[in-house]
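As written, the chains take the letters A, B, C and D, and residue 1 is the first residue of each chain.
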């Protein structure tokens, strides 16, 4: 018997492959699904069933591609009308060798959410583990803000799913959720990736709200952002995404070709670090440090434009492609071969962005310099602690709210540690702001150098 | 934070590397420890501490080599006088980033056995996991037969360790034991590799003996074999094994060179399958199908003889070397390049072993053929179910008890599924038995074809 | 600039990927073409052109799949009417960065055969290397027996291609042929894989026939076998093979399922060593040691039957699949999981084959034992040296000529070193021969033990 | 038989492993020699001999470590008194399976230089290939400037080695030199990595000087730099370098720890791109883009100081370590975990460097701005083409000649494409220059934007 967790970094998506004997099942496969087939082949198993714990909204599920490849059946909760696969109901059971899988309907995050309880028939009927999807995470519970007009009802449904179905499985039950720390599906997940029903019952902050109304109040007060790409994901995951026979292979392009493609409308997405982008960048390009793609590409890219990558290294290309196709961006047509260096030696124009040390921001603010300090963090981060005088616009909303800023004034972009600030700076540059600086280190540096902060 | 289980197949040894921030700890490292250093480097961590849950007797622990390489400190229970490392006591604590590690003294399997409780300081003081060493396995508990003159006392100590220390950690605690299914350290482990204190409390057969005396009775009635190499391991693991700077690299040898080495006293260890060995083997060689090394090499090899491998494929060489050095056999000097084929084309003599189908054994026994049906399984397997008329000698004891058999009579070797039978057959051949057949499929085949069996 | 040779073991097929700047070209890609795309991606290049040196008859060319995947153009000699790609003519040139490629028409092996000369524009117009396809090998030249009614004409064409086109390129020219030692496309290739026009001019035995008529005489006297699958390959390679989106993934099957599939008509192809097959095999199965597939599967398998593999190890599966699809056998539907062991423990019937030591054959022949000594080597090997009294039937023809043998007599199968003998033995068993032995070591062992041989 | 070229990027060092049967030989192994042992093991061969074509001066040879590990014998030319290995003489022969190796003494680059001729005994005594060490490269010949007081004599010796020994091997002979394009051992090597004696005879510029005196004149007029680390290499390679049991494993360090180590005297070596360094760097650090290490570390680092790496990615660490130990820098004690980002969030001070576009340099020079345009290329590059008004100091000499520059004036650093310019800029910053800009793109950009250049 074997169980393997497959983590997709960035979206912090957790999928699982579980096998015994000659059969294996996959829970919530990602779109680049080669890995499941490979593991199954190594184990001498065939993937016969694929379960989706719910219709995901933050990534494209890979069930259809994997099913096409393996002949496996796809299952999901029956409360949503999927255009593929089969619906399952509370109490349905499946055997995988000596393991039993039993369906629990656990609505709340979405209506059709299910959890899958694992038993070991050699030892009895108690749960030994449970795949909880987005109902219960380690240190958090699922979002319930997807149906705003039924806010209290869905939060209540989640309460019932957790308190009446999951907790009763018993403290001994290991939990395997669909996301880990870093996911947009919950703000408070633990970095620790192992836990049990019992440990969560005792320590998960949300589960301390044992009163149903208190839990509901707590949930409806939460604030989450809803990236625009979620709509696309929901559509894909209900009706099936475009098939992905092979991963996109972006073409190596010369600097001249990249320049021409940009003129023709392609987005240049610069994967390099904030320091490298600040040091020299292609005018008009979008800064998107590689590890920021999963969280912010969905806000800033549309689905109808070719994407051309400006990489630091060749190795970043397949990683960027994986991040992008997982959120449905398949038009990754090329990359600048040789990176920024090949642009520079061609003699093409580049731009730069100034840097402001955390310690200097306070001084400049004190001296009443007429500038905009633009904080692009989430509103929750902003509310918790901020520099006095800052203007807050969440990064994901910046392109739509850019008119709120004065392009003639200097702007210092600011975030948690400097990654989002460079993205914001590049957007300002795209919109004609000329006096843009970004705060390397941003809030973390501020705290370490003892800036004066406003809190609460 | 990350936690990774490293499984050494064959001995079913489980070691762990656990890290947070810049520090990582390793629990019970194996001797070929490159893997821990590599994982730590990938994670950008340094291994600062190594814990041994107890002085192991079934494999060589790799702590000293790993400590030499990384500068890490080594810790073990203080109830044994180790010649290296530091002793730890009940209640000692260590921090690894946000994780806390707390020592529990859990004697029983050995006197100095410890367990290591994991807490997460972001969530409170309850145990989230525990490394149980050989105290508590999934589906079984540790052996208590190493101190036969104190049999009841050590079984009682194990009871106390489990019932008074481990179970009180709470049902929610995930367990990470030092062995999985297939280990010589317990007969009844589950093939499932994830469990919790709660699940074991409910379903581990040994833990159903909640009465102390009943538990002790149960443990002292258990029958385990004690391979002779255990003594070597105990000595190595108390006083430190020979350092292993690099893994042995057996030399490719020609058939003629192998023949000469055999004459000079080397052991030829044939790694191929029972069918291949039966089809043609080098006279005097020892059959040892690759996956049998961990369980039986320690009975059949001594530490002062050069070992030459007869492989099926080149890929088997490093795997055999790993199995051998883990049990302290470092003198793997060469292998027959090109395998048996190169022996045959050289025109050197080979021998063969007959095969008896399960269905034929019964017929031959019925016809009162004057033969020895030699069952080499463990006594516990033999007692449970056997063919009438069988002679039982456990494989590990065969070389020493071979005089009990009549070399003039035909012998059919017999075991669970045919792997041990071929080893036994090769030993008989070494000792001049000429009419040797082995039962491919053995007991499993017997059951499937409906042989008449004696049980209980 | 880079040049990489991709060798497909077994068929000893050599393909090449050559790149400079952003463009790469592939010469004679194999069907499992992932490797070319991967190398190009690592180098930051795109494959823009694919050249076929000729319509191959011994393997399926991968041009169409690779072109579909990369968008590359396909080129081949214009003397054959291909249903895809573009024809090229003597003197056509292509640039790949600083390299120049120039087409030479070099008919002989086939009419449309081309060679591709490489120049380096930084250094002048002399050839630095040439891709010779099947015109000129290291130590041999291409076969000219594919158009038997124009035997002398094609041999003459090859003479002209070599002496009038390739040799004039100059001694300094490195040669990159389409096959290396072990190929069915030539018997006498060197095991050394690097050479030049000059070295071949001096030492290639065929090139010592500098007289045109002598060369032609030499070529038309050659004897080559024409495996039946060549026809399929020729058709595939002229009109395009079935597309291969992903490699076949054979399913793991239980012994019972394999038994049933065999009843339903599937071929069981046993990949294990001769010793293992002789030790125990499934009645009705075909012995086909893994490394024999490229040379003999094409004689013994048809294209309309499912193939089920009986492997020694899991690792053999993808290797067997690669060998099979390269020769167009795509119906590899399953494999016996756990190998022969799982068949035995199921209690299913198995058979065995006797082994005869080389030294014993002579004795038995001398004692006038009434047996058939069946030599299945190529006729050229047989003619060169053989045991007295042997019956010769080439392995590839055995199924069609089996009536020439007496099934009631004992048969000893015999070949070069024992690999083909086991295949022959399994075929005899399939046809009801009951007294079959095979000669492990065969002719090589005979020579080493000093058997009396007939030569010439 | 197999032959594999192992290329060490950066120093463009080519080593080779050649094997036949059970024996393999290695030519000029690098210091991180795991790769040779691994290849030999995969091939089922043992490395029995190691040849050094000469006492190298640009990298540490790995013969002693590899010999210790494999038991192989080490051979080199007898004209130098090595403290290990055995001397070989003209005409000495060695067999490797069917291959013959014959020693040619080919002095010139160094006195003890040898070449090794390869023959194939199945085909006769002509050379099929030759390992030429640093005597003959593809497109160039070896440096002859190591013995300045015997300049004409050694150049003459090289002429004799090439014209009297290597060329007579015949045009058909493939050459395998010890360096490829990019090496400091020759300026004019081809990027093409395959050639023959014949092709070089026709096209190697140096070999067109067929007159001995003309060749000598040509060689003594060449200008090469002699990095200070050459002396260390020469000493190591004559008397044996410190043994390297395992590669250095730099420790992950926090920003605070790095700051402290710097205070204690460690060198911070920043591996990031010029853009990233310019965007933000640690004051006092040395810019050293990863791929610049082989060429410039030997000028700018000493052997007695701890080196701490500032990486862009975790993957750069082992690559930097390999580059460093190949030139004898073993004290790579740590790296800044999380890279520059972790320095910034700690709030520690960073500095930046300005960038000047190629097109702007001319304008600023025209406007008579009082600045230093510092060209740090090799003198040969500078002489060939340069911007008017530039000050030339070769990068390798900059630390020793820094007093020639006025620290109060703005400095623009300038090189071939911008990589060396950032190193120079960081050195100026270390020496208190405050107004430093670097020219991204440098000379290549200048050419592409049409700067006015002085040539010749």
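We adopt the following convention: contacts are C-beta pairs under 8 Å (C-beta built on N, C-alpha and C of every residue); 3 or more make two chains touch, one makes a residue touch a chain.
Here the structure is a predicted model, which is why all the values come from computation and not from measurement.
With every chain reduced to the mean of its CA atoms, the largest distance from chain C is reached by A.
Looking at B-D and A-D side by side, the one with more C-beta contacts is A-D. Chain A and chain D have centres, each the mean of its CA atoms, that are 44 Å apart.
With centres set at the average Cα position, the gap from chain B to chain D is 50 Å. Residues of chain B found to touch two or more other chains are absent. Residues of chain C that touch chain A in their complex: 22, 37, 41-42, 44-46, 69-70, 245-246, 249, 251-254, 314, 317-318, 337-338.
The residues of chain D lying in touch with chain A in their complex are 272-280, 312-313, 315, 339-341, 344-347, 349-350, 352, 355, 357-359, 417-419, 440-442, 444-449. Against chain D, the residues of chain C that register as touching in their complex are 1-3, 20, 98-99, 120, 122-124, 126, 128-129, 139, 170-174, 190-199, 201-203.
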